[in-house]
Amino acid sequence: MSTVYSPFVAELKEKMDFEGAFLVKIIQLHVDKNGRPYLNLILMDRTGEIEARVWDNASKLAEEVRAQDLLRVAGKVNLYQGRRQVIVEAAAKLPEGSAPLDRFVPASSYDVNRLYADLHALFSTLEDPFAKRLALNTLEDPEVKKKILRAPAAKSVHHAFAGGLIEHTLSVCRILDKLAHHYRHYYGKAVSRDLLLIGGLFHDIGKIFELSFERATEYSKEGQLIGHHVLGCELVDRIAGKIEGFPLELKLHAKHLILAHHGKLEYGSPKVPLTIEALIVHYVDDLDSKVNMVLEFIAEDVQPGEWTAVNRMMERPFLKTKVKPEVVGPSPGVET
Amino acid sequence: MSTVYSPFVAELKEKMDFEGAFLVKIIQLHVDKNGRPYLNLILMDRTGEIEARVWDNASKLAEEVRAQDLLRVAGKVNLYQGRRQVIVEAAAKLPEGSAPLDRFVPASSYDVNRLYADLHALFSTLEDPFAKRLALNTLEDPEVKKKILRAPAAKSVHHAFAGGLIEHTLSVCRILDKLAHHYRHYYGKAVSRDLLLIGGLFHDIGKIFELSFERATEYSKEGQLIGHHVLGCELVDRIAGKIEGFPLELKLHAKHLILAHHGKLEYGSPKVPLTIEALIVHYVDDLDSKVNMVLEFIAEDVQPGEWTAVNRMMERPFLKTKVKPEVVGPSPGVET
Amino acid sequence: MSTVYSPFVAELKEKMDFEGAFLVKIIQLHVDKNGRPYLNLILMDRTGEIEARVWDNASKLAEEVRAQDLLRVAGKVNLYQGRRQVIVEAAAKLPEGSAPLDRFVPASSYDVNRLYADLHALFSTLEDPFAKRLALNTLEDPEVKKKILRAPAAKSVHHAFAGGLIEHTLSVCRILDKLAHHYRHYYGKAVSRDLLLIGGLFHDIGKIFELSFERATEYSKEGQLIGHHVLGCELVDRIAGKIEGFPLELKLHAKHLILAHHGKLEYGSPKVPLTIEALIVHYVDDLDSKVNMVLEFIAEDVQPGEWTAVNRMMERPFLKTKVKPEVVGPSPGVET
Amino acid sequence: MSTVYSPFVAELKEKMDFEGAFLVKIIQLHVDKNGRPYLNLILMDRTGEIEARVWDNASKLAEEVRAQDLLRVAGKVNLYQGRRQVIVEAAAKLPEGSAPLDRFVPASSYDVNRLYADLHALFSTLEDPFAKRLALNTLEDPEVKKKILRAPAAKSVHHAFAGGLIEHTLSVCRILDKLAHHYRHYYGKAVSRDLLLIGGLFHDIGKIFELSFERATEYSKEGQLIGHHVLGCELVDRIAGKIEGFPLELKLHAKHLILAHHGKLEYGSPKVPLTIEALIVHYVDDLDSKVNMVLEFIAEDVQPGEWTAVNRMMERPFLKTKVKPEVVGPSPGVET
Amino acid sequence: MSTVYSPFVAELKEKMDFEGAFLVKIIQLHVDKNGRPYLNLILMDRTGEIEARVWDNASKLAEEVRAQDLLRVAGKVNLYQGRRQVIVEAAAKLPEGSAPLDRFVPASSYDVNRLYADLHALFSTLEDPFAKRLALNTLEDPEVKKKILRAPAAKSVHHAFAGGLIEHTLSVCRILDKLAHHYRHYYGKAVSRDLLLIGGLFHDIGKIFELSFERATEYSKEGQLIGHHVLGCELVDRIAGKIEGFPLELKLHAKHLILAHHGKLEYGSPKVPLTIEALIVHYVDDLDSKVNMVLEFIAEDVQPGEWTAVNRMMERPFLKTKVKPEVVGPSPGVET
Amino acid sequence: MSTVYSPFVAELKEKMDFEGAFLVKIIQLHVDKNGRPYLNLILMDRTGEIEARVWDNASKLAEEVRAQDLLRVAGKVNLYQGRRQVIVEAAAKLPEGSAPLDRFVPASSYDVNRLYADLHALFSTLEDPFAKRLALNTLEDPEVKKKILRAPAAKSVHHAFAGGLIEHTLSVCRILDKLAHHYRHYYGKAVSRDLLLIGGLFHDIGKIFELSFERATEYSKEGQLIGHHVLGCELVDRIAGKIEGFPLELKLHAKHLILAHHGKLEYGSPKVPLTIEALIVHYVDDLDSKVNMVLEFIAEDVQPGEWTAVNRMMERPFLKTKVKPEVVGPSPGVET
């Protein structure tokens, strides 16, 4: 069988010979019962993860390579206990920068710059000048902008890929916009579109500090000890503190929208929703996360038949959709 | 002070003298400590309820009048332990039909025939011919149509007024329609608009049998023993049973959408959502009920200051909206 | 060591050579690290399950054999990580019908026809003619009869074997009969024996549609999406619909007995018991299921000492009974 | 209207003049807004409780009469806020012993001596000599016997009347006896009839120390601080300690049956059932308490219509039984 | 009976004539059934609250007096439905400042300036210079100092009086100091005394902003929408922001100690304790609040007998202590 | 590499050759796929546990050696799936008593006789003569003394080593002593130091009967069926029964302190704390157990970085302490 060059993880098939570059997620040295050392690796790129085993030069490689390094690998794919496993025939560490990082980290299927532009455009339509300034200054803040173009929306569970946060944020904001329009027909101006959208933008923004996501996504120390609810409030304080005359009332609303967005104390919100806008933002955040989680889960399921395996978060299997979830780019939800 | 004629309950103010007709919700005869009999009543019309006390001719009136009767009352309004109370000076039972019933039962602010027409129009746009037939045959079924034009969405809590069910149903369906459109940009045809809308129409339709709502809303016996989830499934069976070639698959989906719409077993759903459409219908039903409940609660709150009293369902007070909720008729959500 | 012919799974011992026929529950093809293909199987018959591994002709066999096929196997039993494992030396697919299916599926220890006759006799004693007709017509319905003679009471947990449903149903009905008699001495005719027995017969009957149990027991699609509570109600509707003059009141009671039998919403009942009979049926169903589950668990436990392993459903170990649970046939509970 | 002599509380009707003796449950002195003192009382006898008000000689009576005294009352019945209330015209404290106490405390409808004899006879049939001795010595212990002939099964909720404990105990034991017989046909001697019955007798016996029930039922101090689970175990220790050669194993079983009978930790059992007998005793205790509670609740309900008011313990209304619960004496469950 | 001058609420006894000044907590105008207006008031001072009724000049007084005003009252004490009630004979509003406010608001029994000095002295002993600066700068901040000398620890429940926060804070800090010393003998320097004390000082400090407590204690708007956890973190940011070189690590610890001090998400902490110090601070805060709550509850209980009434927070009665809780001033816990 | 003699389990490193004695915790015989028998063992000493595999003479050894035997082993340490595993080259059973048992069972780092002396001294300071007698007679009871010098405080979780119970008991008593002193300054003599210390000594003392701990710690049969709460009460009864004139009141308090020390019914306490002392004892027991558990968990964690692995009991990782927990002997908390 001839060798396949530069395959993605998702393309590796049983018995395939290949050569290519991968990100090392985990690396461990073991010794077999005859005293022979070998390496267990988990390799990843943006399409998935795969186990690998190295028998030759294992000790030497173990000294050179660390988790998060890039590795050039020549190998063959076997099935082991029902899972694919790479038997590595040759491997060498790649120097930093020898390949673009976005090949190795899973990413949004959309153009994140386009998502950013759409989000910016949406917030240019806010009525209240202070709410608009708060939103636009936040989006234009260099640190925020750099991070929001790469951040995932979660370590796992939903939108867990580079750009996932902005993809989720834009989707939530667009649904909130539709609901503002819808309920205006029912209850007049009682529900504030400005506050709904502020809630949409800021509810998860603390995640750009809660997670570290240069390569594999992890919680940062302040993420663990403080959490994205409070980190989001601190960002509001920082941005609003530089806007002269920023009204206290609006700052309280913005923070409450962030603090209450998980809906219940037991889900980590220190406050339950006490305003109609906080209540709606909570529902839409929950809905959009779950829809994404379930459809990704269905898309990736490999069970034969109509049912997926049991989803651990939701503690149930799902009936697969008739049409497989697919992506329509470049920016979703653009209504032209 | 001069007498006010035909006031609504909501218009009765302390010290006002008035004359008018009301529906008797509760009637009880008591004897005071001097052995003098008196009547305690709860009177209602579509704007609210008020306590009343009759001292003259109490025994005679007690023999003539029953709960759910109409009563002509002349009286005066006092404050008793912080609540308004009518001291009845003269009262006489009104013959059946002497006044239009809709004066006495709270009702949707919208034209229910217009809501019905909007709903019918929406379901004419379904793609799948069997789904469309199921929906339209249901709406056109004479018993269903008669009941759905009057049914409340609940005994209390949310949309608890004549026409409340169709108002809630149409609102849910319109939001589902928007979401179908929104997620098509993200996941292609994976989420079925037809199933979402079938879920919107049928999720609460069993309430037309679960509740009796000719005058004051009560649970029917089958409502208590069987519940609107199963009663809704029986309606699907009945309507679909008359459509030749109706696919079993679609019937299973329709029933699952009904059975799972409360989202969790502990909220009375015998099945948790196992399809993406059932999950979304659950969220939108919950969102729309809560938004209505909270905004009605804010609109009716009489507490001084920025905060409402504690809402018993949600176990919290709410911050009042800046703009009071108001209604924009005739059919909400019409986008022209 | 000489070869054992046609052993049951329960009889396979370490180091035994044997030849016999088994049902294939699961079949998977793998490749070892030298590129050599092998098969992992789970084989079953009515006495249990065992893992098996095929090294010779693995690929060819993988093409011929599917899950749920019958397989003739010659092999040897090893211990692997503390569990028995068959090393297959030769294997061949058996043609459909070459062996009676009941050898391969675990079954009630009782004569199901005798259980059926006992159940039928019990329901001939109902007083109310419509209740009696409902019960007997159901038992005599050809589809119901065929299925109820084979259905298990659950996929696992309790009475999880062919005939388990009718065994559990008869046991519950007999206990209910005793309780009707008992409480008549306390509360006169307040508790209806007819309703208790209707509850006993119908509470789990929806399981004949919720499960598919020709070979290994699985949930059917309507089982997953609708559930045995509602499927049981649909059966009541279907049978009662053909009995002229069937009283609505009795139909409501029958359905309520089914819907409420899990006792609490969080256990999947859409209604809590609201009648004294529904309350009693719930307790007896729960008691009989748990007694069966625990005694089977004790009977099958292989731990040394007085205590069983931890039962996962009940989250505790059990003290073993002094006398091991044993079966006394042909129909249990016959009092002569 | 002529005066009724010696009526029971249950017989007092609006506007009735009467004279009779009652137990004082609560007595409080107040002053009206004109400075005139009056007494509020709650009077009781075995048929129920009623509020009463004394205007004449209130201060003097307040000095003479205490809660738990007997009082001779002449008065008249009024309705006050929908409840009956006695206006006392004359009242005088009765000397201790001037009337038999059992007129004033609600009691079992059965002959408690007959219940005791039945229970004693049942335990004479135990097989294991030590189990039999433990049971009979307990029943024959003078302190236990005296108390068990009077104790209620609870302060309120179920069997809350003199003799309620022995009534409940006998009912539970008889059901357990039937189940022992029933399951012998299924599982042979795995379930021990002796242990089931020991569980039936002892599960609630600690209540004779947990409650004080000479007049109105209250918790004793040791009841509050220790509880009937542990008090029951202490009784087992005390009785078994006097039986030579009493096996430790049986003592452990007896205590475990007591400690585990509430079934779950959160219901006050420090141990969950770990033996098949403890599991069954828990179910039957729960069933018998609930059946008694619900049927008493239905029997006493005064709501018009088919439904009772909401039962606070069970958080639901109940559908009334077609036939009102009635009592068939002298000892229930005697099968002759 | 002669008139008592300037009594405290706690000293008002049935039938007493008195004259004195009180704070108006609630004021409501009603009309009796003869059309005569009257006022219902709740009067308070630092020893408690009492209901009052005004019949003369009620309307005029209603126009002049508002909640939170001071009122001079001459009246008499009656018992009404078992509770004391003042019948007001004459009343007049007092001008602002005509009496020292601390007569009317319940307060710590200790000298709050002494408590403050003790707290300040304790934090002068911290080892880490930044931790010491953070604590002392906070205590010395003019706004914080002014507020902390008056703030209660809660709106009700525990330490609900002026100075309650500093009393609770000092008690918690002293216990933490003892535990730091205790565990040093067990685990060496693993548990940081500095962090424990920082947690003790800051855990509840956000309450100075969460509550408004000039007269009667209420939640502020930022208290409702943001809560004392996050408000405490903002204070840390503000004070630490002015200390040059303040280490990020210490700021994270301080905030985590605040955010995690309720111990569980469902109690309003957005983070569970993840450091050993946060875990200990949580326990000690909980312990000290409960001890204060229970001992105050026992001290104020007026039930006859050994048991208190049921405590609503803890859902149980308590056995009264043999010795009544009493206060030993001026600063508690001073060990000299 | 040269051989290491008599290493502790904690000292075994990958690739090390060694010889030494260990306690056999688990022993199982298997056969590999070539029919070759081998042994899987878990070996332990007081520093930890390790897996071992024997290939030579496996069958013979399997016949001679049982769990809880001592074994002399010569072998080599490999890494297998990331865990250390001993490959046994030679092994022989050691005769009983050939090595001191305390080498093989993990133990308190303190001198248990010193802990015992400290505890005895502390209880000599009780004021109430009966409380003092109860405590000292218990400590001096030969069976209690023998067991308390060896018992662990739990099977796992916290203080799970020989002497763990007395270490935990002394720590709890000392903290209670400090709190008694602390709260005396706040509430006078309301909180009884005697009762606090009685609670500290007896709360867990039933564990000396609940656990069997000669070698590996297991639950005893009475531990499983009765539990340490009730076993502790039985000990109080036994010791107090021999003290003439022992007051009932004190016995009730002592038992309540034991029964309520888990704080909530769902944690196995049949009574919630109803006295102030029971409440405080519950908090301090919980605090001291958790502090020990978390610090031991941190001390043993081998994860790289600042965070431990997830603690299964607490369902969270912990931030490691800056200074590693270390022990300062001989008796902790001695303040000289």
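Order of writing sets the chain letters: A, B, C, D, E and F. Residues in each chain are counted from 1.
Keep in mind that, in the parts below, contacts are C-beta pairs under 8 Å (C-beta built on N, C-alpha and C of every residue); 3 or more make two chains touch, one makes a residue touch a chain.
Bear in mind the structure is a predicted one, so any value in this text is a computation, not a measurement.
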*asked:* Keeping to the contact definition above, tell me which chains border both subunit A and subunit F.
replied: C, E
*Mind checking subunit D against subunit F and telling me if their interface is mostly the same residue numbers on each side, over half, or mostly different?*
same
*Which listed pair, D-F, A-F or A-B, reproduces A-C with over half its contact pairs identical?*
A-F
*Looking at CA centres, what chain is most distant from subunit F?*
B
*asked:* What's the rotation angle, in degrees and to the nearest 5, for a C-alpha fit of subunit C onto subunit E?
replied: 180
*Based on CA centres, what chain would you say lies at the far end from subunit A?*
D
*Mind checking the centre-to-centre distance between subunit B and subunit C? Centres are C-alpha means, answer in whole Å.*
45
*Once you find the CA centre of subunit C and the CA centre of subunit D, what distance in Å lies between them?*
42
*Among the residues of subunit B, pick out those that touch two or more other chains and give their numbers.*
221, 224-225, 274-275, 317, 319
*Throw together a list of every chain pair that touches.*
A-B, A-C, A-E, A-F, B-C, B-D, B-E, C-D, C-F, D-E, D-F, E-F
*Touching subunit D in the complex: which residues of subunit C?*
171, 174-175, 178-179, 181-192, 272, 274-276, 279-280, 283-284, 286-287, 290-291, 294-295, 298, 314, 316-319, 321-328, 332-335
_For a test of understanding, state which residues of subunit E touch subunit B in their complex under the given definition._
28-33, 35, 40, 221, 224-225
*Mind listing the subunit B positions that touch subunit E in their complex?*
14-15, 53, 78-82, 87, 306-307, 317, 319
*Flag every residue of subunit C that touches subunit B in the complex, lowest number first.*
221-222, 224-227, 229-230, 233-234, 237, 252-253, 255-256, 259, 265-271, 274-275
